[in-house]
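Listed below are the structures to be examined.
Heads up, the next two complexes both have chain A, just with different partners, chain B and then chain C.
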Partner chain A sequence: MPPKVDPLKCDACQGESEPLCEQVCPGNLMTLDLGEPRKAYCRDAGDCWDCMSCTKACPRQAIQTTIQYQLAYFPGKLIPLVGTNSVTWTSIDCNGMVERFVIRTIIGSEDDDEE
Partner chain B sequence: MGGKSVAEPVSPGGAKTERVNIEADVLIIGGGTAGCLAAWEARRSGGEGLKIAIMEKAFIRNSGCLSAGMNALNMYINQGGPEDFVSYVRYDLCGAPVREDILLSVAEEVNETVALMEKAGLPIKKKEDGRYLNRGKWNIEVNGSLLKPITASMAIEAGVEIYNRVYMTDLIIENGQCEGAVGFGVRDGKFYVCRSKTTLICAGGAAGLWRPNSNGDAHHRIWYFPFNTGGSYAMCKRAGAEMTSFEMRIVPIRTKDTYSPTGTLAIGMNAPMVNSLGQAFMREDPYYVERGGHTAPTLIRVLAFERETQAFRGPVVMDTTQGDPYKVAGLKSQYLDMSPCIVLYWGCNDIDPSKEPVEVDASDPAIVGAHAGMAGAWTRGVSRETTIPRLYVSGDALGGAPSRFISGSWACGRIAARAMVKALQVNSYELAEISGDKIDRLEERTFGPLRSYGEKQTEGLWTDGALMNGISPKQMEDRMQKIMEEYCGGRRNWFYVNETYLGIARKHIGRLRRTQLKYLCAKDLHDLQLAWDVINRLDVCQLVIEHLDYRKETRFPGYVNRNDYPDLDPEFDCFVNSVWDPGTDEVTCFKAPYEQLVPGDRTRESI
Partner chain C sequence: MAIKTGIFFCGCLGAISDVISPAVVEEGLKKVKKLVGDKQFSSWLCGPAGIKLLQQSIREHQLDCVLIAGCPGQVHRELFQDAAGVAGLPPEMVLRLDIREGCAFPHRDNPDVAARKAVNLIKMWNGRAKLAGPYEPILVPGCRRVLIIGAGLAGLSAAAELAEAGVDVFVVEQSSYLGGQVARLNRVFPRLCDAACGITYLVGRLNDSGRAKFFTLAEIASISGSSGRFSAVVRIAPRYVHSSCNGCGLCAEVCPVEAPDEFNCGLGRRKAIYAPRPLDPVGTYLVERAACPPGCSKCAASCPAGAVELEAEPQKLELQFGGAIVATGCEAYDVARVGRLGHGVHKGVITSLQMERLTAPDGPTGGKLVQPDNGRPVQRVGFVQCAGSRDRGHQPWCSSVCCSVTMKQAMGVKEDHPGVRVYVFYTDIRTPGEYEDLYIAAQEAGVVFLRLNPAEVVPAVGDEGLVVRGEDTLTGQVLEIACDLVVLAVGLTPRGIPAVLADFMDGQREGRPTDYLKKYGLVNSYGFFTGHKQCFPLETIHAGIYPAGSCQEPMDMASTVRSAAGAAGMLLKTMGEQVEVFPLVARIDKTKCDKCNRCVEECPYGVWYYDEKGFPTPNQLFCRSCHTCMGACPRRCIVPQGFNTLQQINMVTAKVKEVAPGEPHVIAFMCENDAYQAVLEAGRLGLSYPAGVHVIPVRCAGACNMVLIQDGLPEGIDGFMVGGCYPEQCHYTRGIDRAEERMANMAVTLKDMVLDPGRVKFIRLGVREAPKFIREASAFVDYLKSIGPNPLKGL
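Now for the complex of A and B:
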């Protein structure tokens, strides 16, 4: 499920020493291209394990997790929105049906997300 | 507090790379499940003055097997006691010889450790009576999408020095003892020299030795975490440590194409495996019924999948359509906590698991120590110390003690740390002075493939930019995976091996190791990481081949099928251990006795 980066949303995490997707990727795969302005991309889609760390970490929701076409039909989306104590997943299947899942992620003492 | 770090611009030895010198009482290689809890426990039991450093190849909050999350903890004593857990582990692996001493030590503190993690923020599902929600006998359900950040928070709160993006390549061995380790900065390109009084290796198992089922952009759509590339085992082996059970690989039967875990279906929903004739064969076929039926040992269930498919009764599915509708409705949520890609896969293949069963398939074999496999370094008693003094292992790096999973690896990390702290208190270990020559040699080796690229580049490039006189890490990985797949019991041969196949595998893996590594070139630091991945994997391949060949029987059906020795041989009711000789590049295998501590029939569960 290689991560794809929307060039209109990615700002290379200006102000950070490295973009958050690059910081978190367990496989050292997310990196910046040499364009101007620079954008993040996955340097080897086949090496990605689909853990979605980058997709969840992106502050601009510029990264979309796509499924390999050899495995499944187009189009379809799975979008995580990370809150303080929960993650809200939106699944849009290839027929356009939308499902939403709100899942607890951490026991917090304050600032509980509204569920 | 924390490891001491001093950056030197250029070493006096004339080496080209900037060095970072780190000194630690406790050096932890691998900031994962075991490593983070080891750091926490080392601080707790060793006090504020202890210098603790973690070397992490990626970024500690998101690295390793837990990076996608996990929806259950597969080791928890819901009923009975530690002895009953050991009895279950033996049963689940067909009465395999296991290190019962180690398993007992983990079982004794796993529940307490889980409580600790709940306190750190891990949401654990509860029953109405407030007790943890169990899934089967030995598992509990969690909302573990942040399992790794929560695990990492234990190390961070313990105030240990954490070095992210440092790939450790080799241990420093002096007079037969472990004096530390060296590695390179994946981002900064610096040479890291860590001198330590005690060293813990917990850098995961080994994926990617065999060829995966999918290629191209799905090359890494495999069950085990693909960035665990055998560094734990390779570093121990090259240091001369005694290794154990590399013939006991795991063959994971998982959801086809995504290779997501199936415990959610098998244990959580009680979904049976069904063949194309509509037979729930584990419950109906006498061959499987007499071997345990639906709750037969893992090995038998793996074998059953293989037998049914080989007999052209596939595809094999897990029937999710007959289960509790409430549980089916919760399936997607459960997978989102652990393997979100399967939810997208279902959505893009018109699959509704409440109406259509889920097809399963065999992923490529993996070498692990803490899941349902038991490869790793051999350790003395319950100390977690290897046969190399001052070198400890935990998590997947620890051999002979399977089925500890995540929760057991947390506990196991704590146990290793306490043993290290105790050893530091009892002994007066000093940081060794390492000769400049030795450090220079280690640096040359660490950056070898990168420097080779620089040299070979001047010898010429093809028009596509590839080296005329060099081999890329990817090319070597492909070659290694092809050899292992075709000659070392890959999926294409239904996990069968025999002496002839293994002889060919030995020849080619040996050839790669002895004559081809000098051509291995890395064009940048990411490529250098890939180069070390393949170097380490080749080391593990050698162990696997020699161990498989030595165990001339079939003790782990499904995982390793032998057509030349298809039966159990009581002579092999023991561990197969080995030591590597750096002078000859030979692995010598030998038997290590199994000791039964928990009485009873090893092929039966006590509860």
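Now for the complex of A and C:
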């Protein structure tokens, strides 16, 4: 399922010519529309393979990826929140059940005094 | 990067140690060992024994950073910095953690909780200390050139200050002469000296400096660039007379066209080719080409020097400059719009500026006070105050100088012509400060004051002259006063910012103007370029462009010169060969930057530009160090010296424990200018707030990067607060609005993640609003308790 952009949250990377989602998309699918004000969108939903690069890169968390229907039907969502040393995933399945995972991306950070 | 931090816990002679047990803190910090050189408790760290302990420890353990947990950072600042300095530590490596006002005082009644909070805070600050480094001096090549728009008193004064400091100044003036409105005045109050004297002196100073270039009949055609590296195209209209003109005046004698003389405010007439104003250094005659009859070239034929070139084209000139001063000033209100006063209808009704020309020795009558229409001597003069001013239908503001101007003119008339009767029709006399002396002197000179706002000025019946009719509001009588000359004390209308420059400063986003100047109140509703009034009246959206003089507000000459000196001072900070800038200015780590441009867009001062590789780069000369860019950067690559995002992340992710079972753990980022002061005030007043609230002072709420929340949530922090000032009160214009907007966005993200959006809270706090902080913090913690702990805790 293609990435869905929340028009209320997207700020077109503050009027930049090439927003972050456009920069990271491996398929070069994300771009800005010509609306007023401009918003990012996925110009070819069929070509998107759900890598979620744009979803993770968006500094305003304006892009959502819905899970493929084989895995979860419509309300299913997978939401990453990218921190410095971790990514926090929230998975919502078709029944609205919520699961959360915190993945540490840097092991053994500076502050390992405790334990 | 500090590799050996010393942690010093001060008992503050019981103020802290009576609440927070040093033993408990010591126990809590037992496992904090990495990169920590020493841990010491002192019962009185600022006492002689404490200072000795501090210095001994620094020397013995070769500490490169000390963390003093005790009183707030501003208390004993020099004492600790000097003491550490003696032992070899730079002042910025003395980190201060407030556990007196921030922990011991508010949690006095619960020592266990207070001790645990103190341990948490020390751990957080220890995380910060690990990334703290000594400041390196930042040297930046300074600017050498300044553009000044407007060659009136403000523009020339600012130019003279700058030129004498070795700065090249380009003075761009719209009209054909230098001196602006002041050049037209006769005498100036309060010393009643000749106005031309001051302008002559300024122009002389500028010429002597050799650093000033004047462009008359010039305007800004376009402007581009950013602070410190502006570029403008100046369009210079031709004078149609070559510099070989020797000023003989033969051309004006043969010229067939007469036009009203605008220098004399329409009193008197001049030819289409006319003499320059006495103070014009460019100095040739000039032609008003639009007034020439087709095909006429009598002037060119008559010129013995062959200096007249009727086919000259406008010139375009590109100027590069580091900063600019907008000194466009004011003009007199077009009082003909106030129909009842009869200006433009009756010749005997003139404005106060025309009165200046009428009495000036170089004016159309040679300084003789006569009736403009028939040249007869004047016997009765009436001055009408507030002509178009303080009038909702015209100019609602008080122009502040017109009353003093009238006093000066009325006394001038009385002095030169003791027999002339002088009336002043006023609504309220406003002669602020020492100008009250003028009011008293005018009364003593025999000027008659009537509290009467004229209903109309009409010609006298059967007699030459005018009648001013109106109700005396003190007696209630309707009076009719006969006058030969009625002088309207007109208010000042701002000329505003030249359109090209205003558009440039307003900024464009996706082709639309962002209207920043109006939105942030830098240009007020009347069109005055007020800047960030009160605290930073010289502030604009683009650091490096400063207003000066009466384009800011109606001003007398003294204020104008002061304001010009202020603008020059702002620019002088950035001028010179090498300038050592404030150590906390923005710095960018280009290895991490992906050119996303958010910093450029969110900077409240427009100091960013793109380097040759396209990376955004701050112009550190003009950076105000608000760190709004740091809060905006999604890649965390803006790392100023001092307290940057990476240190803040270390603080947020420090391994801390709940202060009490089930007590929500809250991190509050508070703007150090006001919100944090309110928190300190709460501590001093002994007001209690929930102990789980860990306050971190930041430079501006806008410096808070949302990654702090993204990092803090998985660490199990239950709630985040960001506190700052009220709208339009931000010291950095836009920082607080950015923070509010980011927090609102974060709340939506939390909602998407099926977390409660109430876990993030944005509050506005004034400096003295300690009770409000208590209220808000308590309500927030109560809410967090009601929704339960952060579900990400322990994952």
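Note that in this section the second predicted complex is superposed on the first by the 97 of 115 C-alpha atoms of A that agree within 3 Å, B and C clash if a C-alpha of one lies under 4 Å from a C-alpha of the other, contacts with A are read in each partner's own complex, and residues count from 1 in each chain.
We take it that a contact is a pair of C-beta atoms (placed from the backbone, for glycine too) under 8 Å apart; a residue touches a chain by one contact, two chains touch by 3 or more.
As the structure is a computational prediction, the values presented were derived from the model and not from experiment.
Student: Touching A:Q23 in the superposition: chain B (first), chain C (second), both, neither?
Tutor: both
Student: May I ask you to decide whether A:F101 touches chain B, chain C, both, or neither, giving the answer as first, second, both or neither?
Tutor: In the superposition, A:F101 contacts both chain B and chain C.
Student: Where does A:I92 make contact in the superposed view: on chain B (first), on chain C (second), on both, or on neither?
Tutor: A:I92: touches chain B and chain C.
Student: Where does A:R43 make contact in the superposed view: on chain B (first), on chain C (second), on both, or on neither?
Tutor: First partner only.
Student: In the overlaid three-chain picture, which partner chain does A:L8 touch, first (chain B) or second (chain C), both, or neither?
Tutor: It touches chain C, and chain B stays clear.
Student: Look at A:T65 in the shared chain and tell me whether it touches chain B only, chain C only, both, or neither; answer first, second, both or neither.
Tutor: first
Student: Is there a shared patch on chain A that both chain B and chain C touch, and which residues make it up?
Tutor: Of chain A, residues 23, 57, 77, 92, 101 contact chain B in one complex and chain C in the other.
Student: Where on chain A is chain C touching in the complex?
Tutor: 6, 8-9, 12-16, 19-20, 23, 36-38, 57, 59-61, 64, 77, 79, 81-86, 88, 90, 92, 98, 100-102, 109-115
Student: So in the complex, which bits of chain C are touching chain A?
Tutor: Counting only chain C, the residues touching chain A are 31-35, 127, 130, 509-510, 512, 594, 596-598, 600-602, 634, 636, 649-650, 653-655, 706-707, 710-711, 713-714, 745, 748-749, 752-755, 791-792, 795.
Student: Residues of chain B touching chain A in their complex?
Tutor: Touch residues, chain B against chain A: 58-59, 61-64, 67-68, 118, 121-123, 143, 145-146, 150, 165, 186-187, 214-222, 225-227, 257-258, 332-333, 336-337, 340-341, 343-350, 526, 529.
Student: Which residues of chain A touch chain B once you look at their complex with the stated criterion?
Tutor: 1-2, 18, 23-28, 31, 43, 45-53, 57, 65, 67-68, 70-78, 80, 87, 89, 91-95, 97, 99, 101, 103-108
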